[in-house]
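Both complexes shown next keep subunit A, but they swap its partner, so subunit B is in the first and subunit C is in the second.
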Partner chain A sequence: MPNIKDSIHITSLSKQFKGETLPALQDVTAVIKAGTITGLVGPDGAGKTTLLRLMAGLLLPTQGKISVLGFDTVKEPENLHDVIGYMPQKFGLYEDLTVIENLNFYAALHNLSEEEKPKVFEKMFHFTALRPFTERLAGNLSGGMKQKLGLACSLLGRPKVLLLDEPSVGVDPISRRELWEMVQELVQQGICVVWSTAYLDEADQCGEVLLLNKGKLLFYGPPKELTKRVRARVFEMDILFKKRRLILKEFLKRPDIIDGVIQGNKLRFVCSPSFHIEEKEAKWQAVAPRFEDAFIDILGGSHNGESALAENMPFKHIKGGNHPILAENLTKMFGTFTAAKDISFEIKQGEIFGLLGPNGAGKSTIFKMLCGILQPTAGRALVSGYNLKTAPSRARSRIGYMAQKFSLYGDLSVQENLDFFSGIYGLVGQRRLKEVQQMISIFDLSSYLRSNAGLLPLGYKQRLALACSLMHEPDVLFLDEPTSGVDPLVRREFWNHINGMVEKGVTIMVTTHFMEEAEYCDRIALIYGGVNIATGTPMELKDKVKTKKRPNPSLEEAFIALIERIDRKKAS
Partner chain B sequence: MTHFSFRRFFAYLKKEEKQILRDPSTFLIAFVLPLMMLFIFGYGVSLDADKVPLGLLLEDTSPTARSLENAFLGTNYFKVKTSYNRAELEEDLTGGRLRGVVIVPQDFSIKVLEGTVAPLQVLLDGSEPNTARFALNYTEGVVNNWGIQQKIEGKTSVILPLQMEPRVWFNDSLKSRYVLLPGSIAVIMTLIGTLLTALVVAREWERGTMEALMATPIRISEMLLAKLVPYFLLGLSAMILCVFLCVVLFGVPFRGSYLILLVATSIFLLAALGVGLLVSSTTRNQFVASQIAIIIGFIPAFMLSGFVFEISSMPEIIQAMTYVFPPRYFVTILQSSFLSGTTWALVMPSLLIMLLIALFFLGISVLNMRKRLD
Partner chain C sequence: MGQLRQSWIPIKALIIKEILAVWRDKKSRITLIVPPLIQLLILTHAATLDVNNISIGLYNEDTGWYSHELIQRIKGSPYFKHVYDYKDSHKIREGIDEQKAIVALHMQSDFSRHIAEGNSATVQVILDGRKSNASQIVLGYLNLIFQTFSRDMLKLQGVDILEKINIEFRAFFNPNIEYIYYTVPSLVAILSMVLALTVTAMSVSRERENGTFDQLLVSPSQPWQILVGKMVPAMVISIGESTLLMIAALLLFKVPFEGSLILLYLSMIVFLFSIVGVGLFISALSKTQQQSILGSFVFMTPTMLLSGFATPIENMPLWLQPWTNLIPIKHFFVIIRGIFLKDMSTLEVLKYSWPMALIAIFTLSIAGWMFKKRLE
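== the complex of A and B ==
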């Protein structure tokens, strides 16, 4: 048992919010050690944020107690707040203050003495590489920089305990990696770090993991312990790239396959213990399990590969040739700043096309020009053959759009949301009734019809948002970070529908920071500094950065390497 | 460990100051809105009617009738259109070009000279009741004055044809803006104290900075005080601006004591700030906070303070309600400061009640604010 003075002890902790039927946390007992990163993982609504807030003394436990370095979170909040650093989900930055003003403010709040300040600030600037931006307003920083500044602010009191609530949501892979390295350095100085995350590849790298589901602690220990449960049950197989979605669908129907995902030109499966390789499946290769495999396994597996949505969808025949989306030399200037420069590509029918890039690279600008929200400065964009500039309403009627955070009306019921969106997409009469009814039955929304959309479980929100963007049967579906902050189960269900629709001829355009999501794409355009720096299938991008030292790069490694290559070119 | 840290307090204060200076909406609410209100009440809204277009139908053209016409022409209250054609004036009245028509009948001068009752018919456009009432009152006044004039000149001992009423509206110096402008200061103070504070605290909740703050060593007392001080000062400076404009630009007399006004404003601001803090810490949402601040702050300051609508003419239950809201007391002090002068003895009860209300709301918001989210 670690010393109570340098660790967090959680004892039979329960939290019940007023007006909720189920407890947010139920009988959680764990010890969080110093000197390692402890990952707090679990599906959305599992209780991760609640647990962090309880540790920060911001909520009162209903039962049980937490001692942080020996301080009781209820009885000694003042001692507690002297030793912790806490970064909430929204970072806690003042957007109308500059970087240095934020730092000065939090330095004073954390009682950092004036003598020590220059030294600590020096270290923070070194750490965050924010020195060139000290006079910039925090609100004008990119997502990654905000994250680093938020972390720096929470570190100014030189805390012995660092609590980070989903620090990497919505942040590009490069910033994520840098953030991770920053925290790793702190851990080596012997502090206690709790890092909550929906990215399970991060959980893999943690020293210890607390896995929560529906308020209960499912697992607590080193991640390797959890992955043991799926040992020798994880396989990859090479397949024909073009057929990957259909093959995946077939395999997922088998009862002895628990989970399956597309990874470029490979399929990855988690199988049940009863599974054994038959002869025709000899090309299956056993691979090392990941935390995510075990995560899906412990939660009882994912879906069965069927998409009622796709089943009910007629095959699309598209006018305007074979290119539902055509971008020709798109350029967008904001004043003298070039947000997107000379972007050209064509997307074929039934293709999933991904836009990847760091925060602030220009992805959203390109995306908005293609769905007609932004007017390009030069070049043109065509959807189903209609020019967005000359025939905007025709073009837009062929587009379905699912915005980040779903853009549903939280105060309207599910039925009202469906009625509203079918109405604004111009559906009337029998067709409208039919479409709404069909969406209700496909997405199994009937039990929630009268619930307010804002109160739905996240998975249902996602379904409803998808339903709302699909009722007018668009040729092209635009997805803007569709599963950011969503847990792997919900994400799989979502992509299951997308895969099904693609087979029926719908074309998908997606932006994402999830490399796993990017693996589902047929082609990817990597945007950096407003320029398209690489286009290709996931394998082609990986091949571009293949070296002897790195014979088998991941998509994330490819992403980072390609961008660093541009940076080096610029530097020289 | 629990001592008050001036360093943290000043850091918070400095942050708040920067935010105030950078946020155009703060400036808007604290200075532009008050200016707009002063101008609206100073120039736009007037409960007096000037230059009411009035028709004068002369069916009698004798010198007596002519002198009555001159009396109408000589006043600033009317823009008189004289005519001998009834149809023309009636048409103007229906068309809204005239607000009223005074008809001088054929036998007017005969009856005046005889000393019998001389009836004057007054037609009024009832679609704007206020103006109609003014027009009637003014007409009475003009006729009245004319009658007295006639009597002084010994031309008649006529019994005036129209019933007299007290002539509030004719008191030349008591312009309605003299009452409205001081009263509007109460509304402006409520805006700054309640609305602005409610917004800025709710904003910290909304943007997640409050959550981050709560996990730092800052004390609630430091945070509350650092929130109160800048908006208190902002309120006082807006008040000084308002008083200055009232006196210098609008020529409202100031007959009271500046010290009493300062003390009263300070206490009133505390009450308004207390309400603002309470609203924002319970709603934690800028939109809801602003709606509630308007309902429980702005509207009572406007409707229940006696600033526009006289409290004594409200239904009793509403009258009782006005006692709960501090603007009622503040408006009384403001109006007497400007118009009739104040003494400590006179304002002390009002000050004490406002202080009690202030302490009540501040107390609740202090108790309500914890370094916790639930």
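== the complex of A and C ==
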């Protein structure tokens, strides 16, 4: 048992919110040790944020108790606040203040004396590499830099316990890695860190993991312990790239397949214990299980691969040639700053095209020019053959758009949202009724029709958002970080629909920070510094960075290596 | 025709959504109904412009019957608590200076003679300019006394004195001098203006904050359709609100309604269009709801100060007075009071409506232009 003075002890903790039928947390007991990062994982609504807030003393437990470094969160809140650093999902940076003004403000909040300040700030700048940006407004920082600044601000009180609520959502892989390394350094100084995350590759690297589901602690221990449960049940198979979606769909129908994902030209499966390799599965190679495999397994497996949406969809025949999306020398200037420079590509019908790049690289700018929210400074963008500049209304009528964060009308009911979006796309009469009805049945929304969209469970919000963007049967679907912060189960269901639609001839344009999501793409354009630095299939990108030392790079490694290559070129 | 119908579909969807969004949100639903009613109830009394316990100074050089009769009436009126008789004009200055009296009357020695001869007679009314509001009201009370005095004289002697006394009439169509009659219609106008402004000023920035505005931008709707979709609901909501407040005015405050309801609604539409234009302009400029609120204040403060509601425009510096014509509610105050309290003629309503129409055309086209520019 670790010393009570340097760890967090959670004893039979329950939390029941007023007006909720189910408890947010139910009888959770665990010990969080110092000297390692403890991951907090679980599907959306599992109670992760509630647990963090209870540990920070921001909520009072209904039952049980928490002792943080020996301080009871209920009885000794003052002592608690001296030792805790808490970084909520959206850290309270003042966007209209500069980096240094934010730091000064939080230094004052944490009673940092004037003598100590220069030393501590020095350390923070070294730590976050934010020194060149001290005079920049926090609102103008990239997502990754904002998170680093947030972390720096919450470290100013020199906490002994650091609680991080999904610090890496919306952060690009490079910044994510840097953030992780920063926290790793803190851990070595003996700080107790709790890191809640929807990225399960992060959980894999944690010393210990708490896995919550519906308020219950399903697993508590080193992640390797959990992955043991799927040992010898995880396989990969090489397949024909073009057929991968169809093959995946077929396999997911089998009862002995628990989970399956696309990884470039490979499929990865988690099988049930009853699964036996037979002759036709001869090409399957057993691979080391990952935390995510075990996560899906313990939660009862993923979606069966069917998409009622795609099944009800007629095959699309598109006018305007074979290229639903065409970007020709797109350039966007903001004042003297070039956000996107000379971007050209064409996307074929039925293709999933991914835009990848670090935060602030210009991929949202390109994305926005292609769906008509931004006007390019030079060049042109065509959707289904219509120029977004000269025939914006017509071009936009061929577009479906799903924004990064939930952006439907939260105060309107599900039915009202559907009615609105069908109306704004000009649907009337029988067709409107039919489309709305179809979406309700496909996405199983009938039991939520009268609920306010803002109060839906996350998975249903995602479904509704997809439904609203599809009623006018667009040729092209634009997805802006569609599953950012969404748990793997919801993400799989979402991609089942996308895969199904693609087979019916819908073209997809997607931006993402999830490398797993990028693996679903047919082609990827890697954007850096406003320039398209590489285009190709996921395998082609990986091949570009293949070395003897790294014969089998992951897409994330490829992403980082390609960007570093550009940085080196610039430096020399 | 088909095309027109086609472009109406998204507008209709936008209008329904906008009204639902306001109505579905319990807080904003309550905000729409309760605070304006409470404000109407409270502000009516807070902004009551009735002045009681008035002290008046009288300097009467005339020994005739007419002036004595007039003074008796003033002394007998319930509004005037203290009546001081001054013996010379210095005392008048002193009385006003030391705020012993808010108003003083001076009748010259030939007052009665002039009336008796059928000539015009002069009553000098000296008001305390520091209390501009109160003194305006006192003048109103005096006017009433002069009016009844002249009517009675007419009956008594067949002499038409009304024509003979030189005084300025203000707030004349308020026979009982109940200032509630003056405040309530004004408050109806103010509250519906505040509503129209906030509903439109917040509507776009709220969507920007929630990310739903991008959804509108990627839809095939054109800027003007979105604009109309934002404009109509604000109009509907504000007109509904004023109707509610007018019913309250008639039922709770028993304010008379003399004029034409149709004229009132028509002029109200013109008025609200001008306000909605300002609101949409603010909306197009602001990125966040906070900025919208600040923008609304920037518009609201001078509007209220220059509208003539609290301080009479006549008391403002001369150079400022023409600028008050740019304030839409200034014109609408005249109309709504006119229609409530007297049967204002169509011609007169028109006279006060066209400046509002000009303002509306101006603000709406600016808003439309800003909107289009922001979209691109």
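Assume the second predicted complex is superposed on the first by the 572 of 572 C-alpha atoms of A that agree within 3 Å, B and C clash if a C-alpha of one lies under 4 Å from a C-alpha of the other, contacts with A are read in each partner's own complex, and residues count from 1 in each chain.
Just so it is clear, a contact is a pair of C-beta atoms (placed from the backbone, for glycine too) under 8 Å apart; a residue touches a chain by one contact, two chains touch by 3 or more.
For clarity, every value in this text was computed on a predicted model and none was experimentally measured.
The superposed arrangement places subunit B and subunit C in clashing positions on subunit A. Once the two complexes are overlaid on the shared chain, A:419 sits against subunit C while remaining clear of subunit B.
Contact with neither subunit B nor subunit C is seen for A:243 once the two complexes are overlaid on the shared chain.
By the touch criterion defined above, A:131 lies against neither subunit B nor subunit C after alignment on the C-alpha atoms of chain A. In the superposed pair of complexes, A:409 makes contact with subunit C only, with no contact to subunit B. In the superposed pair of complexes, A:375 makes contact with subunit C only, with no contact to subunit B. In the overlay built on the shared chain, the residue A:157 is in contact with subunit B alone; subunit C does not reach it. Shared-chain residue A:434: touches no atom of subunit B or subunit C.
When the two complexes are overlaid on their common chain A, residue A:106 makes contact with subunit B while staying clear of subunit C. Between subunit B and subunit C, the overlap after aligning on chain A sits in one stretch of 110-118, 236-244 or 362-370, namely 110-118. Counting contacts as defined above, no subunit A residue meets subunit B in one complex and subunit C in the other. Partner subunit C is touched in their complex by these residues of subunit A: 371-373, 375, 392-394, 396-397, 399, 401, 403-413, 416, 419-428, 452, 468, 478. Across the interface of their complex, subunit B is touched by residues 17, 53, 56-60, 77-79, 81-82, 84-97, 101, 104-106, 108-111, 150, 153-154, 157, 163 of subunit A.
Here subunit B touches subunit A in the complex through residues 1-2, 5, 7-8, 10-12, 14-15, 18-19, 22-23, 207-209, 211-219, 371-374, going by the rule given at the top. Considering their complex, residues 6, 9-10, 12-14, 16-17, 20-21, 24-25, 210-212, 214-222, 376 of subunit C touch subunit A.
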